[in-house]
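Listed next: structures, encoded as C-alpha cells.
Okay, so subunit A shows up in both of these, paired with subunit B first and subunit C after.
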Partner chain A sequence: MTTVGPVPAAQPVGRVAGTRPQGASTPAPRRRRRQRGWVVGWLFALPALLFYAVFVLRPLVSAVQYSFYDWNGIDLARFVGMANYTKVLTDPQLLSSIWHAFFLIIFFTVLPVVGGLLMAALIRELRSKGFGTLARTVLFLPQIIPGAAAAIAWVWMYSTDGTVNQVLSAIGLDGVTRAWLGDFTWALPAVGLIGTWINLGFCTILLLSGIGKIDGTIYEAARLDGAGFLQTFRAVTVPGLKQEIGVCVTMSVISALASFDIVFMSTQGGPGYSTMVPGVLVYQLGFTQSQVGLASALALLLTLLILLVVLPLQRAFRSED
Partner chain B sequence: MENTRRAQRTWRALAVAGTAAAALALTSCSAPGSGSGAKDAAAPQSASTDVGSDPVTLTLYDGAGLKTVDDALIAAFTKQHPNVKIETRYDPDNVQAVNAPRVLASDDPPDIARIVALSDIVKSGLLTDLSPWASAYGWSDLPSGQLAQYTVDSNGVRGSGTQYTLASGFTVTGLYYSTTLLEKLGIDHAPTTTSELEADLATAKAHNITPIMAGNQTGGVMTSLQFLMNDAMGRDAVNGWVFDEPDATVANPQAEAAATTIQGWAKDGYFNADTNGTDGTGALGRFAKGEALFYASGNWDAAALQKQMGSDVGFVLPPRSADGKTLAMSDPVSNFGIPAKSEHKDAAAAFLNFLTTPEARQILVDNGFAPTGSGTQPTTNGELSAQVQAAFADLVKADGQVQYVQNASNGASATWNAQVQLLVAGKTTPAAMMKAVQAQYVQDLGR
Partner chain C sequence: MKTSMKERVPGIALLLAAMVFSIVPLVSMLSAALQPQGTTPTGISWPSHPHWHNFVDAWQVADITPLLVSSLILVAGVVPFAALFATMAGYALGALKIPGGVVFFVLLLLGLTLPREATIVPIYYQIRDMGLLNTRLGLILVLIGSFMPFAVYWMRAHFLSMPKELSEASSLDGAGPWQSFVRIQVPLAVPAIASMCLLLFLWTWNTFLQAIVLIDDPSKRTMAGALQNFVGLHSTDVVLLNAGSLLIMAPTIVVFLVFQRHFVKALISGAVKG
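Moving on to the complex of A and B:
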C-alpha cells in the first residue's frame, strides 16, 4: 500500500537533483530548482494518478456511498443508514459465507505453502537441471490457466464418472466415490483443492527463486556439519525464505478470502449454501438481485476483513528485517 | 537527511489524501440513481401502423442464445419493409436479463428489447405503453394466457392492465421419455396422470433403471417440483405469485405437499443419486444416452434429443392428478418491449405485430420454439418436434400456460435452486423450504 502511484516516478527526479555537484550554487536558486523538479515529477505521475483516482479511488468511494443506500441500480436510492451493515452482520447465510472463506485458507494457503516449501527444497536438493525445469513447468502451468477454466476442468474430474472417481475405483475405493461437488460435506474441500492446485505452482516458483538467493556456503556448511535434508530444511531453508513465505501467505490468503471465479464456475455456492463465499454473494446480490447497497456493504466488510488478516501477517513476516 | 525524508513522507501522505479528496469530489454526493426521469416518455403517443418509406434503422437487443431465430425474423421482416434496417445487439442470455434495465436507461437505448423483469422495468418508467398499437393492430384478440404475460397494472402486478410487450414465441415444458426403456419395462403408454407416473417410476426403480434424470446442480429438480406445484396450487395461484399479486404465497399446504412428494421421490431413489452434483447439460447428455426413463425439461432440448435419440424419445405435457387441469410452464422466448426512449416506435411496433403473422410463427417452429398467437399450426420437421408443437397447441387450447416460479423475483432463482438441493438431500423440510423462498420473495419485492 505504501508504493502508491507517485513514488516510482518521483524517485528518479530526486536522484537527478542528487547528482548535481554539491555547493556549486547558492542555496536560494537551488531550492527553486528543486521545487521545479518536484512539480515536474508530479506532472510525470499525473496520468497514472488520474487513472488511479478514476478507476480505483472513485469506485471505492462510490461503494462506500452506495453501502448506506437501498438501491436497485436504476431508480432513485433511499438512504438507510447502517441497515445494510446490520443485515450483513446478522444474516446467518452471509456470516456462514465468511466462515467458508476462512475455511478455504487451509486449502489456498496452508497446503500450497507447505507443499511449495517441500517441493522447492526437494528440487534444490536433487540439483538435476532437467528435472528442475520440468517440475517448475508442470507446477507453474495451473498458474497460467484462468481460474474459471481450471474450475470447469475440475468439475469434469469431480463428476460421477470423472477422473477422480475412476482413480478411486481403480485402487479399490469404490465405497467412497461420489459426485464430489454435489455432496454437502465434501463440496467445500473439493473446491478448496482446486485452489491448492492453482496456488501450489505460484508458491513453489517463488520459494525456489528465494532459495537461489540463500548463500550456497551455508548449505555447504550445514552439510559438512552432517545435517540431513530435514535438518537443513528447518535450519537453513525455512528461515532463509521468510520474506518469500510472507509473500506467498499474503497473496494466497487474499485469494482465499476474495475467492470468486473457482467457486462461481464450479458450484455457484451449492449444494444448498455449502460452498457459498462472500465473493459470489456480492455478485449475486449486486447483479442478479439488484441489491447494490447490500452488495457494497458486504464487499467493503470483506475488504476490511482481508486488511485485518493480511496487515498483521505482513508485520509478522517483516519484523526482524 | 532525516528531515527531508520526513518532509517527503508528509508530502506523500498529503498527495494521497489530496487524490482521495479529488476522487470524493468526482463522486456526486447526492443519492445515487436517476429517479424516474423517463416516466413522461412512457405516456402513450400517437400510433400508426404505417411504417412509411423513409429509411429507418432500429436496434434490437436480445440474449445471445436467440441470435439464430432473431436473425431469421429480422430477415423476413425487412424483406417486407425494405426501408427498415434492424441492427442487433446481444449479451449472454442471463447477462441480458440483468443488463436490460441499465441499457434501457442509457442515452443510447435499443428500439426493441427482450424484457425479463417486466414489472420492475415498467415501474422504472423505461417501457412504452403499447395500448395505442394494441388497438390499432388488434392485439387484444391474442390468447388470454399469452396476453397475461404482456401486461402490468398500475400497482406493478402483472397478468392484467396495460400491455407493454409481445413475445417472439414461447417455451413449453413437459416430460421427455425414452420409448426404448418404456417398452423394455412393459409400459404401453407415456403417463398422463400423476398416479400413472408414480407407478412408472416405481417400475423403473425396481428394474434398476434411473426413473428421472435431473441436473440439480443447476436446479433441475425444480421442473418436476413445479409440475406438482402447478397441479396442487392451480394456474392462477402460481401465476399470481410470479406476477407479484399482493398476499400471494408459496408457503401454503399445497406447495408443501408437492415438495413432500419430491422429497419422497428423492428418498426412494427416483432421481439419479448424484443429482446435486450433475448440471443441466450433463443430465441431458445422460438421458440422451438412455440412462434414464424420464427427463423433465422443455422444448429447448428437443433438437438435441431428436438428433441423438432419433425415434427413441417422446414428449408429453406434465402428468396431472385425476381432477387436475392441463398445465405446464410456458413463457415468452423473448418478451419484446419498446423502450420509452426509442425514437422509432411505429416501426418497432410493426416488428412486434409481424411476430403474430404465419410467416413469423413458422420461423419460430423451425427454430424449435412454440409460436406466438394462434391459428393454423405451422409445419414441423421430425417426430419429436411435432409432439412438442402438438403439446403446446393443447396447452394453449386448455389455457394452461404457467410462469416459471424461478422468475418471480430477482432473488427467487438462486433461492429455489439452493433450497431444492437441500430438499432432495433431506437437509430441509418442505415447510421450511417454502418459508425460506417466501421470505426471499417478500424481501425482493420490498414488502
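Moving on to the complex of A and C:
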C-alpha cells in the first residue's frame, strides 16, 4: 500500500529512459515486424469486431436515431425530438410496464437467491452424493428448456382444470381456485413464479459451487462451537458467497427487467395491461402497432434502466474482494 | 460430526419440496399429453391407458422433422463461426494484447448487459434492407453478432490465464502469429472452447425473440420459435398441445442429461466470468 505513490511516478521515467535508446538502436526489420504484429493482431479481432459492429452496435445507433422520429416503418419519418421519450415517461400504460418489470424482481431475483442459498446450504449439509446429484439435476432442469416452453407448461398448470387448482382443491381450498393467468390481481405474481421456477436451479447450482470453495475447516469450527444450521448459514455460508450472490442477483435482475419469452407466451401482457412488461411492449409497438420511434425510445430507456440498476449492483458485490 | 436424523428431516423435506416444485410442471404436461385426444384433462392424473401414440400424432401435427433439421442448420451456421471468431478475437485481446484493444473490450462489456429488446426493431429493418428477411442466413448473422460480447469475453479470459511464455516461445521459434495460434494456442484452448460451444448451442436452440421477428415461416425457425406458431394453432387442444410442446423441449433435455456435468460447469464458469 505504501508503495502506491512512488511506483507510478517512477515507472514512466524508467520506461522513457529505457525505451528511447533501445528504440533508436533497434534494427529496422524488428520494428517493422512489430508494426506488422499490430496489423496481424487486429486481423485476428476483425471478424468478431465486424459482426459485433454490424449486428449490435449499428442497430443500437439506429435505435437512437429512430427514437427521435415518428415513423410507422413505411412512410417518411417525421422528426419529433424528445416526444417519444416524454410519452414513455408520462403515459400510464407505458410507465406501468416498467413498474411491472421491477415488481418481477421479487420473483426472478429475491425468491430464487434466497431459496437457492437455502437449497445449496441444505445440499452441502446432507453430504449425500447421490441425493445431492439428483437434487441438482432436477432443480436445474427448468433452466435448460426454452423460456417459451416453460411458459406453455405453466399456462397448463394455471388453467382452470390445471394442477395448481387441483392441488388447492385437494387441500380444501376450493374457494381460492381460479384461472390464475386471467385474473387481474394474480396474473402478474403467477407469471413471476414462472421466473422463480426457472432461476431457482441456476442460483442453487452457482451458489453450491461457491460453497465448495469455502474452507471446510470453518464449517467444522462452527460446528464445534455448537452453532446450529441457521447460525452457520448466517455466519459462514452467506458471507462466504458474496461474489456468487452478486452474480446471481445481477443475472436474474437483467432477466426480470428484460423479460420477454415467458410473458409473451403466457399472457401477452394481459388480462388488460396487468402483466405488460417493456419487452413485450417493444415487440407490440414495433411490429404490430407500427410505432417504431416509440418502441425504440422504450427499448433504450429499458437499456438505460438495466445499466443503472446493474452497474451499482456489480460494484456493491465486488468492492471488498 | 454427523448430524442427527431428527435434525436432518426438515432439511430433506424442504429440498424435496423444491424438487417437486421443479418437476411438477413437466409431469403435469406429460400427464395431459397421455390422455385420450379430444378430452379435457384435469390436473395431474395418470391415465389408465396412456396414449403414447399422441406423441406420434403430435410429431406430425407440429411437423417436428423439418423443425429439427431447421434448428440443426441454425446451430451449424452459428456455433462454429461464433466460436472461431471469438477464439481469434480472444487471442488478440488476451494474448497478443493489441494496441487499442481496450476500446474494443469496453464496447463488448456494454454488449454484455444489452437486452435483446434494445436492438430488435432496427435489426428487423436492417435485415429487411439486406434482403435477408425470412432466411436462416439473416438469423444466423444476427445471432453470431449478438453472441460476440459473451464469447469474446470468455475466450479473452482463457487466453489471459495462459502463461505469457507460451506465445513468446513460439514467436522466437519463428512461427508467425497465425501458426502459433493454430498449432499451439487452439489445441490448449479446447476445453474452454468446448464449454463455450455447449452454451452457444443451448442459446441458439432456445432463441425465441429474434426467430419470431426475422422469420415468418415457422418451419425455418428454431424449435423455440416454432412453439409460438404451434400454440397459436392448437391452443384449444390441450392433449396435443402438451404432447407437441414436450417433443419440442425434448432435444435440449436429452442433450442436458447426456452432457450434464459439462453443461453445469460451463454455465457456472460462464456466469462467474460474465
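The criterion applied here is as follows: the second predicted complex is superposed on the first by the 282 of 321 C-alpha atoms of A that agree within 3 Å, B and C clash if a C-alpha of one lies under 4 Å from a C-alpha of the other, contacts with A are read in each partner's own complex, and residues count from 1 in each chain.
In the analysis below, a contact is a pair of C-beta atoms (placed from the backbone, for glycine too) under 8 Å apart; a residue touches a chain by one contact, two chains touch by 3 or more.
Just so you know, these numbers come straight off a predicted model, no measurement behind them.
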Greater residue coverage of subunit A in the superposed arrangement, subunit B or subunit C: C
Partner chain in contact with A:Leu49 - subunit B first, subunit C second, else both or neither: both
First, second, both or neither for A:Gly270, with subunit B first and subunit C second: first
First (subunit B), second (subunit C), both or neither touched by A:Gly115: second
First (subunit B), second (subunit C), both or neither touched by A:Thr163: second
Subunit B versus subunit C as contact partner of A:Trp180, first or second or both or neither: first
First (subunit B), second (subunit C), both or neither touched by A:Asp261: second
Partner chain in contact with A:Thr86 - subunit B first, subunit C second, else both or neither: neither
Partner chain(s) touched by A:Ser290 [first = subunit B, second = subunit C, both, neither]: first
First (subunit B), second (subunit C), both or neither touched by A:Gln231: neither
Subunit A residues contacted in one complex by subunit B, in the other by subunit C: 42, 49, 52, 54, 57-58, 60, 62, 66, 73, 159, 287, 292
Residue numbers on subunit A that touch subunit C, as the complex places them: 37-38, 40-42, 44-45, 47-49, 51-52, 54-60, 62-63, 66, 73, 115, 118-119, 122-123, 125-126, 134-150, 152-154, 156-157, 159, 161-163, 165-167, 197, 200-202, 205-206, 209, 220, 223-224, 229, 243-244, 247-248, 251, 254, 257-258, 260-261, 264-265, 278-279, 282-283, 286-287, 292, 295-296, 299-300, 302-303, 306-307, 310
Interfacial residue positions of subunit C with respect to subunit A in the complex: 1, 3, 7-8, 11-12, 14-15, 18-19, 21-26, 28-29, 32, 40-44, 84-86, 88-89, 91-93, 96-101, 104, 107-108, 111, 113-126, 141-142, 144-146, 148-149, 151-152, 176-178, 181, 202, 205-206, 208-209, 213, 223-225, 227-228, 231, 238, 241-242, 245, 248-249, 252-253, 256-257, 260, 263-264, 267-268, 271-272, 274
Of all residues in subunit B, those that touch subunit A in their complex: 12, 15-16, 19-20, 22-24, 26-27, 29, 31-36, 94, 98, 101-102, 105, 120, 123-124, 126, 216-217, 273-279, 282, 410-411, 413-414, 417-419, 421-422, 425, 427-428, 444
In the complex, subunit A residues that touch subunit B: 4-7, 42, 49, 52-54, 57-58, 60-62, 65-66, 69, 71-79, 155, 158-160, 178-184, 267-273, 284, 287-292
